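Below you'll find the structure, written out as structure tokens, and then a few comments.
Chain IDs A, B, C and D follow the sequence of writing; residue 1 opens each chain.
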Amino acid sequence: MIALENVAHSYGGGELLSDMTHELVPGSFHFLTGPSGAGKSTFLKICYGELVPSAGRVHLFGQDLRTMSRDAMADTRRRIGIVHQDCRFLDHLPLSENIALPLLAAGRDPAEAADDLRALLDWVGLGSHADALPPSLSGGERQRAALARAVIMSPDVILADEPTGNLDWEMSLRLLRLLIELNRMGKAILIATHDLNLIRTAKAEVSARVLRISGRRLTTAGADL
Amino acid sequence: MIALENVAHSYGGGELLSDMTHELVPGSFHFLTGPSGAGKSTFLKICYGELVPSAGRVHLFGQDLRTMSRDAMADTRRRIGIVHQDCRFLDHLPLSENIALPLLAAGRDPAEAADDLRALLDWVGLGSHADALPPSLSGGERQRAALARAVIMSPDVILADEPTGNLDWEMSLRLLRLLIELNRMGKAILIATHDLNLIRTAKAEVSARVLRISGRRLTTAGADL
Amino acid sequence: MIRPGTFLQRAEGNTGRVVPPSGFTARLTIFSAAAMAFLAVFALALALAAGRMADRWDAALADTATIRIAAPQGQMETQTAIVQEILRTTPGVTEARVLPVEESRALLEPWFGPDLPIESLAIPQLIAVRTAAPGFDAQSLRLRLSAEAPGAVLDDHTRWRQPLVRAAARLRSLGFAAIGLIGATVAAMIVLAAQAALSANAQVITVLRLIGARDAFIARAFVRRFTLRAFGGAVAGTALGMLALALMPGDPATGAFLTDIGFHGAEWLSPLLIPPFAAITAFIATRAAALRRLKELT
Amino acid sequence: MIRPGTFLQRAEGNTGRVVPPSGFTARLTIFSAAAMAFLAVFALALALAAGRMADRWDAALADTATIRIAAPQGQMETQTAIVQEILRTTPGVTEARVLPVEESRALLEPWFGPDLPIESLAIPQLIAVRTAAPGFDAQSLRLRLSAEAPGAVLDDHTRWRQPLVRAAARLRSLGFAAIGLIGATVAAMIVLAAQAALSANAQVITVLRLIGARDAFIARAFVRRFTLRAFGGAVAGTALGMLALALMPGDPATGAFLTDIGFHGAEWLSPLLIPPFAAITAFIATRAAALRRLKELT
């Protein structure tokens, strides 16, 4: 669904990512690791089209990123759930409306999905914070909210950048279980993380592949992880 | 140096923290854990006076928080190094100037400390990013920069809120070693974290105490951790 | 401080909620629009008064002339008749009126006092002539008069008119310049306020774009809000300005231009153009700024 | 678009760097200051012109009177002499001048033409009187004249003066109102722009406060920058306004008020007060806003 072909990127200085080829297919589960500053977030941004790579081709759901219209790009984004590393919200809207925002943007009535929304909030442990404004949330609560917003539309692909960095182990497992559940429904999942325990736990339940960015290259980590 | 006495806090709703008494003495090393949303960040904010607790007394370097003048508070902050959970910088200044900012605020000439600054940047692995603007840094790079800014003045107390959440294990260890080094120089260190591996590693090197917030109370975790 | 009324909020509907409802950019937009509208009302009144005065001068002087007949008592009537006959056949003369003695006396009164023994004076006979600009040729009339009625002299007021007409022209351009100036300032203030709001809400825009909102959706939320704010502010400013003008103690008796600033009759409708102008400016400015900003994001 | 020159940056020194150097709030502040200063220059010119005209009317009319002596040819000289004698002993009369025939004729010329046989007319003798306001009593002079020189009539121009003096008074207040209005708008715009900048830089303030910067340090960085921006903008606006006025084609020959908008001589110094006013306003507004905002943080 998302295909990168010989992609390279540089932010102006030296090349950060070189010659990366990868494809996300339905039902796949990937982890992305690599040292801090290696380019994991950059890789994810290329995957959902926030960044246009300096070289190579990106296809989103069959369309070439370079020839896509802006509206086609917006429509494509609705099929991709994104958890940004620095979770950003509309600070003036209560949490529940923030999480329902993708519905509004897609022209659907958020009221229809009220039940789903409530169940989702409860699952990520934010049931009692539905009316809180985002700036009053704790770091971990923001991450959970970002994940909830990413999955509310039940997208085909979920890209999560460090979604458990501020979470305790129990809550991390809870989120992992939600993602595994979605993966079993056929969604493609890609999680950038530093948490090796999380990766190990996931591998015990689903056939997850671990990608590694090191030395500007994308490699597949072996069983040694 | 920082003493909390029967401190309680609520953000308007129910009580979040109850009857907490604790003192940070020179040379002490503490970890603070607890589930996401338990109040770790709130506890730290009370420690450096960003929040005035709803009940109880806080003494910073012997002065009562409630009777401190605003200027005295500013001067006290220079003796406390803070790593915020969401690391914020002045986005228009290059990283090196951001890290040297506490010197400027204290009325010292940042140029004097240029060598320290360079050594510190290299230690946290940001030597090549000295001229980068904060918005172009990766999540982990921001956290490292925040820690560098917190220690540049060589403060008596260092309070770090989840300083390794976006860092790989090697880099986390590097930062931990820096903090242990500072602790051996007599600084008091308090780190809020979810990373149990980090706590275990630290305990092997220094006599660190682990505090836990659970059920609104502050408890000391035993050796079972 | 002027605040957006609930009607503004209601008019925005659901989409508008994605933009923060108030804050400093809201106040800034509303205040700029109101202040500029207020000033614009005064500039408009000034320009209209200037135009009125220019018209008055033009009308009063441009198309009038005076013929003065100085002749011995006996010949006065004959010459007057001859001149009238000449005028009747002169192209471009629309009206010729022999001034009765009372009017001549009224003209002289300021200088001689009411008890001037006008009958005993051999004062000249005055004929007020009204002309139509294109057809009238003062030079040829002068030639005919000197040939047929040697006592008659044509005064086409050129001497008085020239500087006044110049002044009137300058006055008109001054009025238009003032309006243009205010208009440009309104537009610039609104553009800047819109840009300020977009910058302040950069995060809102980024978030919306990332969750798959189309450009039109995002732009609409901002454009609607800003258009309404600018309109609301301009309505308030215009209303205040008109109120201030209406309450200004009028003194039309003096007839002096400067005390005549204000609107007459249908002119009261003209400031009503200000709020739509502000709204259209805000619409265009915000739309352009929003779309430009969105283009920066993929 | 007006941009802060390097001189502004240099003037700010090291502390100022902690506030972002440009961006929309900078443009907004500079533009508001410039636009308002530009308008203020015009308002000032208008007010000064209004004041000038009011002064002219007052001076020209308030202290003058005319005495008209209509008498049979033989008695004219006697009565003129009597009136002169009376005026010499009237308190408050500073000057009395018997108008020579040429001047009377010049006054009449517009009506009768240059070839008026003035010698043959029994036109009244005019005496122009200049009076000093407090001591002069028109009523008692009138009584003395009717007793001693029955052909003499005093015209103290009250009929002409009253409405003009009223108009002048209104004019003055209009001028002051315009200046006050512009001044209030400048102040409000700068306050709003300062608040906008503080809101936009909330993060800067929080960061600075957390790393132990004192309130004075933080406030100074903002206040300095804003004062300089407002000053710079106002200098630019004032300069542009003065340039526009200087380039406006002058036409003082007509003497009409409206074409006389501009500065005369030392008046050119008065708009130089605008930039300091803007700077002081910005200083006070930004300082108050910054300290208020800081109080919200611990």
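Everything that follows uses one rule, which is that contacts are C-beta pairs under 8 Å (C-beta built on N, C-alpha and C of every residue); 3 or more make two chains touch, one makes a residue touch a chain.
Not measured: the values here are computed from a predicted model.
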### Chains in simultaneous contact with chain A and chain C
none
### Query
Moving only between chains that touch, what is the shortest number of steps from chain A to chain D?
2
### Message
By raw count of C-beta pairs in contact, what's the busiest chain pair here?
### Response
C-D
### Task
Could you tell me which chain lies farthest from chain D when each chain's centre is the average position of its Cα atoms?
A
### Query
What is the distance, in whole Å, between the centres of chain B and chain C, each centre taken as the mean of its C-alpha atoms?
67
### Task
Could you give the separation in Å between the centres of chain A and chain B, each centre being the mean of its C-alpha atoms?
29
## Note on the structure
Between the Cα centroids of chain C and chain D the separation in whole angstrom comes to 22
### Separation of chain B from chain D, taking each centre as the mean of its C-alpha atoms, in whole Å
62
#### Entry: Residues of chain B engaged with two or more neighbouring chains
none
### Task
For chain D, jot down the residues that touch at least 2 other chains.
none
### Query
Viewed as a graph of touching chains, is the assembly arranged as a line, ring, star, complete set, or other?
ring
### Query
Which of the chains are touching one another, listed as pairs?
A-B, A-C, B-D, C-D
### Query
Touching chain C in the complex: which residues of chain A?
48-52, 70-71, 73-78, 80, 82, 84, 88-93, 97, 101-102, 104-106, 149
### Task
Within their complex, state which residues of chain D touch chain C.
23-25, 27-28, 31-32, 35, 38-39, 42, 50, 53, 68, 70, 104, 107-108, 111-113, 115-117, 120-124, 126, 153, 155, 163-164, 166-167, 170-171, 174, 178, 181-182, 185, 188-189, 192-193, 195-196, 199-200, 249, 251, 253-254, 256-259, 261
### Query
Okay, in this complex, where on chain B does chain A touch?
11, 33-37, 40-41, 85-86, 125, 136, 138-141, 144, 161-162, 165-171, 194, 196
### Query
Which residues of chain C touch chain A in their complex?
14-15, 17-18, 20-21, 203-204, 206-217, 294, 297-298
